[in-house]
Structure formats: C-alpha cells, structure tokens
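Below are the structure tokens for one structure; questions will follow.
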Amino acid sequence: MTSDTRNIVLDVQNLSIHYGDAPAVTGAYLTLREGEKMAVVGESGSGKTSLANAIAGFLDPLVGSVRADRLDFRYAPLNRSIDPRRQPRIPVRTPGMSMVFQDAMHSLDPVWTIGSQLVAVLRGAERMTARAARAAAVKRLAAVGIADPGRVMRARPTELSGGMRQRVMIAIAMASHPALLIADEPTSALDATLAVSTMQLMFDLADQEGTALLMITHDIELCRRFTDTTVVMHQGRVVETIASDRLDHARDPYTRGLLACVPTLETATLAELPTLQSIAAAERTAAA
Amino acid sequence: MTVRSVDDAGIRVTDLGRDFHRVQAVRSVTFAVAPGRRVGIVGESGSGKSTVARIIAGLDRPTRGTVHVDGQDLRSALSTARGRREYRRRVQLIAQDTTSTFDPRFTIRQSLRVPGQRLGGWTRAECDTAIEEIAEELSIDVSLLERRPAQLSGGQRQRMAIARALLVRPRYLVCDEAVSALDVSVQGAVLNLLKRYSTDHDAALLFVSHGLPATAFITDELIVMYRGEIAEAGRTTQVLGRPTDPYTRALVGAYREMESARSGA
Amino acid sequence: MSVVEHTAPPAATDADEAPASAGLGAIRRHWWLLRTILLAAVNLLVFVFVSFFLVKLIPGDPVVTATGGRLTGADLEEARASYGLDGSVGEQLLSYLGSLARLDLGTSIATGRPIAEDLATRIPATLELVFTGLLAASIVALLLSHYVVTHRANRVSRVLLSYARSAGALPEYVIGIAFIYLFFAVLGWAPAPSGRLDPMLLAPPQVTGFPLFDAVIAGDTAAAASYASRLALPVIVMMVAHAPLLMKTLIINLDHAIDEPSTRFRIASGAPRRTILLSIYRRALPSVVAMLGMMFGLLLGGAVVLESLFALGGLGQYAVDAVNASDVFALRSFLLVVAAMCLAIYLIVDILTMTLDPRRRVETGKGA
Amino acid sequence: GCGSAASSEESSAFVIVTAAQPPSFSYETSATGYEAGEFWANTGATLIRNPYVEGEGDLSASQDLFGFEPLLAESYEVSEDRLTYTFHLDPDAKSVAGNTITADDVLFSIKRKFETPTSVVPFVSAPALTDPDTQVTVIDESTVSITISDPGYGFTLLSMLANQPYNIYDSTVLLEHATDDDPYAVEWSETNASYGFGAYELTDYTPGEQMVYTANPGYVLGEPEITTIVQRVVPDAGQRANLVRSGDAQIATQLRPADQVDLADSGAAQIFTVPTNAYVYIPLLTTAEPFDDPEVRRAFSMAIPYDDIIDDVYRGRLDPVGSILSEDAPGFDGEGLAAPEHDPAQAQEILEAAGYTEPVEFTLTVNSAVPDLEETAVLIQSAAADAGFDVTVDSVNSAVFQEGLAAKTFQASMGRDYAIVQSPPYVLALFYTPGSPLNWPNYETPEFSAALAEGNAVGDPLTPEAGAWWNEAQRILQTDLPTIYVGYVQPLNAFGNDVGGYVFRTDNVIDYSQLTRETE
Amino acid sequence: MAAAIAGADLDTVIPRRRTRRLSPRASLVLHCVPLGIVLVLTFIGPLLAPFDPTRVVGTSSQPPSAEWWFGTDSMGLDVFSRVVAAFALNIPMALAITVIATGLGMIIGLIAGMYESRGGPIGLVARILTRAVDLVQAIPVMIAGLVLVSFFGRNPVVIVLSLALVLVPFQARLMRTEVLKTRSDAYVDAARLAGESEAEIVFRHVLPNSSRSTIENTSAIFAMGIIFCAALGFLGVGVPVPAPEWGSMLANGATDAVVGRWWPFLFPAVALGLSVWAASVFVAGVTRSRS
C-alpha cells in the first residue's frame, strides 16, 4: 500500500454524520486512488449508505449533518458542500463523480423512457447529435449485457425486470465517464447469477475507463473476488481497511466474526449456522 | 417434474395460475408440501415466487388451479369466517415486505397480541406470556416490544414478523424472503431457529428465497421457478448437486465459481 | 463468465400479449385512453337524467313568472301547455331526450330564445375569462414556485411561502371589490368595470365566439386593446386569488419530486441540469394538472361572481337569471352544458396526467 | 372617461347602465321588468300618447295624464254616443323596417295581443276592450275604429291605447315570419326586435351584456337627437353609480337611493323629482291569520317607521301616500284621505284591546332583486318589534315572489309597482277586483265593490261625481287596510350633467327620443 | 391526487429556523390559539355585541366612530355587533359543513377504495358511489350550491347540507386514493393473517391510516364552507338579512364598498379571512404534531 504511486482520487478524513442528534458515522476515513476498486462492508445500519451519500453530496439536509477534517475529490474540492443545509435545494453533482443507488426499483425515472434517460447523460457529457447519441446509447446498453437494446431504449423502467434495471443504471452512471463511481449495494435485489454477471460488467467497464470504484455490499464473496481494498464498518466506525485478497488474515474481531458467518453451499450441511454469538461463545469456551 | 403423491395431509398445489391484467405472474404450478417437510422455492426476481406464497397464505386468489390444505380446498376454507380463522391458525406467512408489515399506529406488542387473541382465543395475559417466550427465542430485547415499527431497524422488524407468524404455532409456515434484510450473523440465527421450529413442532416450511446457501441449509426439497413455471424440482441436494435446468445450472454455477475462487485464493 | 442465455426476461407486458389481431392489439394498448373517454361519456349520459330530475324539483312556477302572475285557471293551463309543461313526467322526459338527441337544447321559457344560441354567445366569453385567469395563475404560480423551491432559505421565498400558505383565505370577490375600489374608483388606472368592451366600440364579427380572439382575427386593434384592458383586472383578481393554491400544490409536488431517488440518480449520473429540471417537473406536474382541472370548476364558479362584479355578463349571470326565473328548460340545459364542459376538462386532465405519467394509466386500468 | 372612440360618434351616443335586460322582445309572452318596459317604450309606438308637459317648480317634465295627443294616429275622433273612437293613421309614420303604418297593422296588433295565450292584455283591457273581432274595425287603409260598450270606459280605453300594452306592430314584417302554428309570429318576435314603429331600433344585442339602440329615421315624430343608445348591463347598483360618476355612463337606472343622493350632492350627476306613481306597498293577506283581523292590520300600519324609511333608506326620495290615485285627476280631490303614521304606542294599545297578549308573529316576504325593499323590510322588522310584532323577513327570488303573490300564500309581502294606465277606475279595479290574481290581499267587501260600481256608473270617470266615489272607495281601503302603502318612490335613476330631456312617464321608463346632450 | 387542496404541510418544504424551535407540545398549543379564539367568539360573540345585531340602531351608512366602532351599514345596523355576532352563525355552519363533508367523504372514499374492484353487491355499491362522486363533481361547487339553495330555501340548514353535499367529492376522492394505497400495505395482509375480521381491518387499520390527507384537507373544506356560504349570500341566495352573517354582510357591503363606504364590507371580510387562517393554522399544527 505504501508503494502505491497512483494519484489520490478521493480523500476522506475524520468524517462524521449525525441524524438529528444520533450519530450514524463517527470519524470515518478512507483514501481512494485512480482505478482502485474499494468495497465497504459491515453490518446493517452501520452507516455505509450514509457515508456514500455524504461523499456524493446527497445527504438529506433536513435530517442529516456532516462534519469532516478533509473531504476532497481530486476533480472538485468537496468541502464547499459539506454542510447539507447550505446546499442548493436541487443538489449539484460533483463533476466526475457518479453514483448507483441501492434501490434499483425506484432510482430510474419512471416517466421517461430508458433511451431518453441515457441519451440525456450522453449528450450532457459530450457534444453529439441526437442520432449519434442514440447509437451510442444502444451500444452502451448492449455493453451491459442487455440482449434487446432497441426495445429497452423505448421501454419505461416499470417494464423491466430488476436485473435489467440494475444494468441500465450502471450503463447510465458510466455514460458520463466518471472518475469515481460509487455503487450502493448494486446487486442486492439480484440472485447470484445476475449479481455476478452485473458486477463483472461494472468492473470491466470501470477498467476500460480507468474509473475508481467505491462499492457498498454485504456480499463478502463478491468483494473478495472483485475489489482491491475492503473497508469494514461497524456501528458507524471504520474498523478495518484491508486488501481484499488478505481478508482471511483480518485482525479485527468483528471482521473475523463476520467472515465466519458467511453462509455457503457447504455450510448447508451443518446442523446450525454460525452466528457472531455462537462464534464468541465458542471462542470463550476455547479460551476457558 | 416431481409431483409427489401424498395423501390428504399437507399442502397440495395443482395447476396454479395467477394473472395480473396482461401479465401471467404464475402460469401453471403444481407441487405438494408434506407435513413436517421443508421445501424451498428459488428463482429469479419476478418469477412468481411471492405470488405463489401469497396464494397459499390465502391473501390472493388464484386465477386458475386449486390449493388444498390437509385435504380442504382453499376457496371453501376461506369462504366462511370460521373457516378463515381455522385456516390461518394452520397456515401462516412471513411476508417479503419488512417496512410496512406492522401497522405504524400500534406498538409491536399490541400488534403481536392480535393473532393470539383472534386465532388462539387466549387472554391478554396468556398472549403476553407467549409473546415474551417467542421474543426470547428470537433474541429480541423485551423493551423493543413497546416500540412502534418506525423505531426499529429493518432486521428487528423482520424478526418481529417472524415472531408474529410463529406465535400461533402454525402447521404450515410460508417464509417469503424472511431473512433477506438481515446481515449474515443475524440471518444465521434466524435460520437456526426456523429449522428447530420445524423439527420440534413437525411443521412444514415453504421457504422462498433467492439466497441459495440459506435455502440449501434449511430445506429438504427445492423448487426452482422460472417465469411463472417450475423449471426443476427435487431433493435439495440433488437439485443443487446435479442441476438439469439451464437456469438452475447457471445459478448453482455462479455460487460454485465464487466459492472455488475463494478456496483457490 | 456466466451470463445465462435467459437472464433478462423481456418485459412481461409485451411478451404476454396475445397476438390476436392488429386492431385488437391497438385497442388493448390504448385501453386506458378508451376507457377514460368512455367513462366520461357514460358520466355525461347519466347526467342528462340527473339534470332533468334535479330541475324538476325547482319551486316557483316558470309560467306564472313569465306571465307576470297575471294568468289563472284555464288560461294558465293553456299557457303551460304551450311550453310543453303539461304532460306526465315520463312524457316530458321523453321529449327532453328526443330534443337532446337532435342536439336541440330547447327554448328558454323566460326569454323564448333558443338556449343553445344564448349559451353559444356566453360560454366562449366566460371560458375566455376562466382560461386567461387560469393561465395567468399558472404562469405566476410556476415562476414563484420555481423560485421558492430553488431558493428555499431566503427571505423572499419565505414571504412567497406565506402567500402560498394563505391559499383560500380570501375569496376572489373580496379581492375583486377591493381592487375595483382601489384601481378604478380611487386611482383610475383600470378601465370601468362595465363590460367586456368600451361601449363606444363595435364588437368585431363573431368568428370563434371568444371576444378577444375575434378582435385579433378581425385585426381590430382598438377593440382588442379594449377587450384586453377590461379583462386585465378580473384576470389579475383571479390570479391573486388562485395562484396560492397552485403554488402550494406545485411546491409540495416539486419538493417530493426533488427528493425522489430518481432525481438523485439523474443528478448522480451526470445528466445536464436542463434534463434534471425537466424530469422533476414532469413528475411534479401530473398532480398540478389534476389540480388545474379542479380549479377550472372553482374558477367557473368564481366567474359567476366576478362576472356580476365586472359586468361581464357571461355564463354565471345566465344561471342566476335562470334560477330567479325558475326557467327549468334553461337551467337544465345550462347544467348539462356546464357538466359537459367540466367533464371534458376532467377528461383532458386525465389524459394529460396519464400521458405525463404512464404509471397512472395502470392505476385506472385496475378500477373495474 | 373612456373616450377612445371618435368624438363625432360620441356626441350622438349615450351609455345607459341597467341592472338587467328584457327577458324577451315579445310583449305577449313576457311582460315583466323595468328593462322590458324601457325596450317597448322606445322601440314601439302607440296610436296616441299622453302629452309631455314641463314640470312646475323643481319637478321634471312629465306626462299630462288626462289629455291625449296624436302619435301614430294623426288624429282621432269620438262618436256622438261616445262609444266609437276613430283613428286616422299618420302616413309619415314608418316602422323600423321602413313600412308605413296601415289599419291592418292596428287590427293585427290588437288581435295578436288577444289571441296569444300568454298575453296579459285581455286581462288588463277588460272591460273596455274584450273582443277585437267585434270591437275593432278597419275602415280603410289608414283608418281604424274601436267601439266600446259603455261611454264610461272611454277614458280608460284612451289611456290604455296611449300606453305600451297597445304598441302597434309592423304586420308586414311579422307576417313574413308567421307560420301556421304561430300566425302572429310571436315566437319569432321573442328573439327579434325589429317590428315596431318606435323611435329606435334595436340594432345589436349581446345577451346578458349590452343592447344598442339606433334611431329610426322614419319615426313619426322625426329622428331623435341621440342616435345611438348603448345599454350596458351592470348588475351591481354601486357600480352603476360609480360609472355615472366617472363619466363612463351617462345614465344609470335602478340605483340605491343613498348612492343617488350621494351622486347629486357631489355634483357628479343630476337626479330629478317627479310626480311619481310608483309606490312601495305591503299587501296583507286578509283571508288568513293574523291579518284577517282588521285591528291587526291597523296596528301594523302604525308599527311601520315611515319617517325612518324615508330618511334612512330613501334619503327623502319617498313621500307618504295619501291617495293611490293621482291627485291631479280632474274631478278627484283626495279629500279625507291621509297617509298612515308611525305610532308604536297606539299600535300596541290596539293589539291589547283586540286581545293580543303575545307579540303577533308573521312573515314579511320581499323580492330579493330589489335592494331598497330588503333594507326597508329590515327597518320595519326592527321597529315593529316595539309595537308588538314579531316579523320574520323572507327575501325570495323574483320567480318565487311572483308565484307566491299570485297564489296568495304570503301573509305579508312588500313590492314596488305602479299602474301604467292612470285612469282611476282602472287603478282601483286592477288591484282590488275580487278573485283577480293581482288582488294580492284577497280583499273583498261589498262596500268597496259598490263604490267602484257607482263611480263607473257615473260615466266619465273624471267628473266630480265620479271623483267622490273614487274618494269613497279609497276611504274604505284606508279603513280596512288590505294594503299598506309605505310611500311614493321617486325614480331611482341618475343622469350625467351633460344629459337633458328627461321626462317622467307613468311606466317609469326613460324616453330616449327626448334626450339631449347639453353642452356645459 | 390533487384533490388535496391543502395537501401536505408546506412547513416540511422549508424547515423553520432551527434557532427558535419550540417544543412540539408548545408549538401545538400555539397552533391552537387562533382557532381557540375563534371558537370562544362563536360562543360569546353575540354577548360581546354592544347592540342588537338585527335592530336598527342609528342613521344608516355612518363611518366608524366612538359610538359605532365599525360604523353602521346601509340599513343602520351596527357593523361591529353584526361582525362579532356572526361568529355564532358562520363558524357553526362552516364546522357543520366540514364535519358532514369530511364524514361522508371518508365513508364513501373508504367504501369506494376498498371494494371498487370487488364483485358482488358491495362492489356494485362502491362503483355507484364512485360514479356519484364523479357526477357531483361535474358541476362546479358554486353553481351546484346556487341551484340547490334556490331549490330548497335560504335557511342555514339547507345551505349547510347543500354545500356539504357538493364538497363531499373533494374528501371522498382524497380518501379513496389513500385507501387504495393503504389497502395494499403489508400490515393489512398481516392483519388478515392474524385473524382480524374484515370490519376490524377496515376500521382499525385502513381507516386510521388513510385519513391523514383527508384530515389535513379539512382546513380547505372549512375555508370553502365559509367562502361559498358568503358567495351564495353575494349572489342573493345566502342566509337572509338581517341575521348576522358575513356573506350577506359582504353582499350588502359590496355595493357600498365600490362607492367608497368601505366599512360594512371590510370588517366582515377581515373576520372571514382570519377565521379561515385560524383553521388552517390549527390543522397544520395538528398534522405536524401527529407526524
């Protein structure tokens, strides 16, 4: 890690998020370099989504507040918008930063056709004719594995299955050639086949464009397989940042417990599934 | 397709279909769940799993086909108030939607008392005892019972829903994505509990999920649905071990691939 | 890599459509539209009966009124028969339906004029007022709401918001009277509230029936200017009275639309700002359009009062006169025409909202 | 002012603001309303008319009700037996369509008035004229005679012929539009106005908004000075006053007295005092509780605050009614007739003496279309409480009001009306013929009927012998009080300072042909 | 649907400045104060009147003075006495309209929303109700009110019933939309599973959870109640004079106001506006405290 000479794309130091008076994230830090793929894992409610939203500048100013020593994005210093209440009512995107949200069902605009949504982003990123944009859009839909891009261009989101929507979202988010793509549980609604293939597509695209990736997931198998670095969160804190291929050597007890609980097809044969409690209990008896 | 011949006991679903306007959510589904057995349904999103679950639970009407529970036709069972009560005591559902499964106006305890009083005919005190027992089994803090649903996390709400379904000790329990909102550790605990419940009370489980490992852990038999029809069915180990249907093969393959990638690492 | 050949099921909608015949398919695809139109037609048909029986209940004998109360006994019966008011209810209903089928709205008892002719001159004038008022209110509401929504922390938008919150606190006739007194009687800025056109000017030939429009068509600038200047004050009154309601709806819906995840994703994916605004407005507008439809009814009702205040002599005065004269024929045809107008507006609103937001089509499709 | 039009046009045009429009253009189907009266008076013409005379003192010009001058008829003569009246038509009289008047026009018009089922003419004409077929004779193309059965009806006949009910129509135009079902083209004339011989033609009509009258060049008395009259509908009375004040209108009608007086006081407009025949009256239903008791009627007449009504509502533009007949009528002196007076104490005494211990309850119904009456009713309600009456004011729309009056269902009601034909027997018979729908109090006594019969028997109603009977009849009315006459009302109109030529007529409308533009 | 004349609370759009935030309870109390005053006036208004509001007390059309605080109207009635006494008539009328329209609207909306897509007699009833609501709404409130009131007479009961009837669709539509949403909520199914009867489901779950926007809209209905009452008076079919009622005062005062005698018009207009405002403040407070 120390030898990494790539440019830092995102630098977050000591970031805290409060909902009202309740802290959701306390003192988070992370550093992301060009082309790096980073996963954020952790228990439900540990503040992963809040962290991602704060970085992208989408925290709801009515309920949340953000403080940080440093929240820098190479292409645009972010400190200007750190207090959500000072933000304009319609959030302004940080140039070069795109985000795919957790909720594929509701994140696409239900009243516009897929084609128009994709074309708008394409034409926003580059000057091109409507015809060229449509052609490019079809190509991009095909690139994310949509079998029938012509029809999908004309369809509205409600006419698509969850998997298709997820792919369309990725296609749209990548259409503006972002330097950083944040993806919040992009595969949660998908079964394993779709999850893997979707993930693969996203990473291939990111590789092609040199995009850095920050992905939130609860699927440890996926992050092990696709990412360079894993950040583990627990109760609003970053408890561990570790290279993904070294996850099995994690030192933090929470990370280790979490890893032990991951169900696999093998665990199906066990009489009882392991849980954090049972592991702790086992460790206690072992220690005793 | 394995349609096991069973006697009257158990759930028997015959040629079930359900249309929503022009969408055939379920085309034709036939299967049976014997008492005490644990059957899983997997399949991609939108393949009709939840629809089947809701029909069996008596919350939706089939367009075609029949459902028999312990020999009694679902339609006739649901046609009288008494029949409905009797049916609900027998068949319970844990629904997929965790956000609104409790009426926001009532505390969890108030909501949990209802099945006890309506179906079990218990007094308030009896209900409360039963509720606290079950809460303990699901490692739910008793203080949470006094909260309203909005004050709980998704995982907590899901456990409360499980508690409500288990309260009347149904003979048939339909679980629709009952563990999807939980993180791996809590998920494990709940799955352990459901399995124990099934064996202890000789209750049948119909376990709908898209998580293969969890399904593999809890079920004996597995049905794979694809676009409103059963693509493949059989013993879980058999289906997962030697899948014949292309969709199943791909599904299992994806897991195997990941796991082998891990053990390879 | 394992992209299974059938991971992406085609949209259920098209896949399951029976390819019965092209015509049937088209009907199915546009069923929401057909259904909406049919429903409006059925409503109008039912209203024919409703208006007939409603008006039957009116107290006051139209014939006595028409003859100044000077006829009795047989004379009165004879007069009544001459209006076709002597038969049984069934006979009267049949003759009413018969004449409606011939698109004949009947003849007013009080004036002896064909009702259709009376309405034909009055409706466009009233509609001109209502639509101009609605347009002015919409434009003002749109501009102000946009400002409020995009500048929510500043003082001006707080003031505007209190204005929006005041929706409905003061009826338009109160505002109207205040404005007449101020702008006509005291300041003398507004022209006399004595009708649509300066009395010394001749009305341009009637083409569309919409006075201002006709003046423009005829190239009569003096008349057009006079129409416009005399329309200005009542329209401003309508605007001041009704813009808050629209603003309120618009602000709330824009606000919801902004907070929707789809807006977030639009922004997050780097769509240009113009597209983002367009997308927000398209999602916020259906409710506002529906509200506009309902406001058409409110403004039409309000026009009854405003027309009497500004001496515009449109539809409203006709209703009041018909009620005062117990003119059953005029009243029931009037009600029918007003209902038809409102139903037509609601129909347009429905179609518009469904076009703006395709999700609404499904919802109505579920209905029956 | 508006002043956006050419000034040449303006000089010969007037704007009049009114509360409403005539409901119909056919007298035979719909004969009510101030605006309708004004329409018929100005678009129609009669054979003869009452001459206009200058007013004395501060009175405006008005009609000589007891003399007649030629109009469409160049001259007329009365037969020896005073039973036949022969009219010689003026060959210069042209209708708005340009047709010269003929005897056939006269016969056609009178027959139309009698043969249309909804026409009120037969009712108001009886007994002078009952059957045109026998009574009206065409002598030659320009001569017509009318025969009556009793010389006593002569004055009444002439009075009627001088007024709107006997407007003569252009039969050439009407016959063009006649059908088998409608031989008199009544239906056509409900919506078409150009069939009269009047000073003006209605040339533009926007329902509910305005009517434009244009001078008739062939009018028998010559084309009037003001060639264009724009009549605008402005429903609000205050608004109408404002428009005259600002100069946007030259004439406003149906004002509230307070606004009228304000206008005059500020010098913004002129208002006129006239020998009015319009009165505010309260018919009391004499056949039902509580007004079947003459004592209650008497007490109520004393409970009304006449002076307050005169001051507060009418700003002095109301005069006590001594006699309901014009005191100018020859042979009539109004002797012994007096206006009722406000005396709550005595009213209470009367009620007590008549055995009423509780306040007497009743409903006073008013026509909601007339704002000053509503205000008057409130004043009466308020004051009558002190005299032992508990009055409920019910204001109803014109339709309900007319129907209730005709059906005689109102305990007490209040209206404003006038008899156009100012012949004493006509006026008395109009409102008090037993069983007549206009006999709103449902009043019937042998004494009154006898007095009327005696008066008629005298022959000429304008002789002192007859006058004595008219006095007698009115004294009976003032004792029996079937109707309380609250006051004679001055016309509720106002004229811009540049308007001249107002003449008060018994039909209370404005004769546009007399109007002039005064230069200041 | 947009039947939400009042719709959601605008306060969520712009947060109140945080620095001066009151406790929820104090803010609720504060929101009740204006309506409280209005209600108190409803009861004691007639007692506050220095003169009998239906009796002529002096010369007509006198401007405000020490004797007649708000002046006298064209009949010589005391404007102040009438304005305060009218609270006792207008407010109960508006409240009655609100209660009837909301009650009926909720029931109709509930039945329509729950059973419209069902077969059998209940489905038929629900569809007929939906159609009836559409039909009533096809005639603008003002015109329908005008016709109904002239049918059945100008007394407060008729006015209240007529206006309530024509305002029902506003509430029924709102309710129906909410019920359609609520009835597919998961807790309704959960209640079925827990063995609750249909009636319990409707009254324990669907009704309370669907009534929010209908209740929020009551302030708009209240406003429309007051304003349409007054507008009917304006057209000459409202509560007859001399009963102290703002509508007829406005109607009579309007003619005075355009010629410059503003007092018989201004004061009832202010009373009317303040009452509407008080009601909307109250409803906003209640809904905010509930959320």
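When the chains are written out, they are named A, B, C, D and E in that same order, and each has its own residue count from 1.
As a convention for this text, contacts are C-beta pairs under 8 Å (C-beta built on N, C-alpha and C of every residue); 3 or more make two chains touch, one makes a residue touch a chain.
Being a predicted model, the structure only gives us computed values, none of them experimental.
Chain closest to the overall centre, judged by the mean of its C-alpha atoms against the mean of all protein C-alpha atoms: C. Of the two chain pairs examined here, A-C and C-D, it is C-D that is joined by more C-beta pairs in contact. Averaging Cα coordinates per chain places chain A and chain E 50 Å apart. If each chain is reduced to the centroid of its CA atoms, chain B and chain E end up 48 Å from each other. The distance from the centre of chain C to the centre of chain E, with each centre set as the mean of the Cα atoms, comes to 23 Å.
Chain D and chain E, compared by their mean Cα positions, are separated by 46 Å. Along chain E, residues 12, 150, 236-237, 254, 257-259 each make contact with two or more other chains.
The set of chain D residues that touch two or more partner chains comprises 236, 239, 242, 369, 397.
Multi-chain contact residues of chain C, defined as those touching 2 or more other chains: 2, 4, 7, 9, 12-13, 59, 149, 152-153, 180, 185, 308-309, 323-324, 362, 366.
Interface residues of chain B facing chain A in the complex, by the touch rule stated above, are 42-46, 139, 153-155, 181-189, 191-192, 210-214, 216-217, 236, 240, 247, 250-259, 261-262, 265. Those residues of chain A that touch chain C in the complex are listed here as 56, 58, 60, 85, 88-93, 97-101, 103, 106-112, 117, 120-121, 123-125, 145-148, 151, 155-156, 158-161, 163-164, 167, 169, 172-173, 175-176, 178, 182, 193-194, 196-197, 200. The part of chain C that touches chain D in the complex is made up of residues 59-72, 75, 78-79, 82, 110-114, 117-118, 121-122, 125, 180, 184-185, 188, 191-196, 198-203, 222, 226, 308-309, 311-314, 317-318, 321, 323-326. Residue ranges on chain E touching chain D, taken from their complex, read 54-56, 59-61, 74-77, 150, 154, 236-237, 240-242, 252, 254-259.
Chain C makes touch with chain E in their complex at residues 42-43, 46-47, 50, 54, 57-59, 148-149, 152-153, 157-158, 161, 164-171, 173-174, 177-178, 180-181, 185, 245, 248-249, 251-252, 255, 287-291, 293-294, 297-298, 300-302, 304-305, 308-309, 316, 319-320, 323-324, 331, 335, 338-339, 342-343, 346, 363, 366-368.
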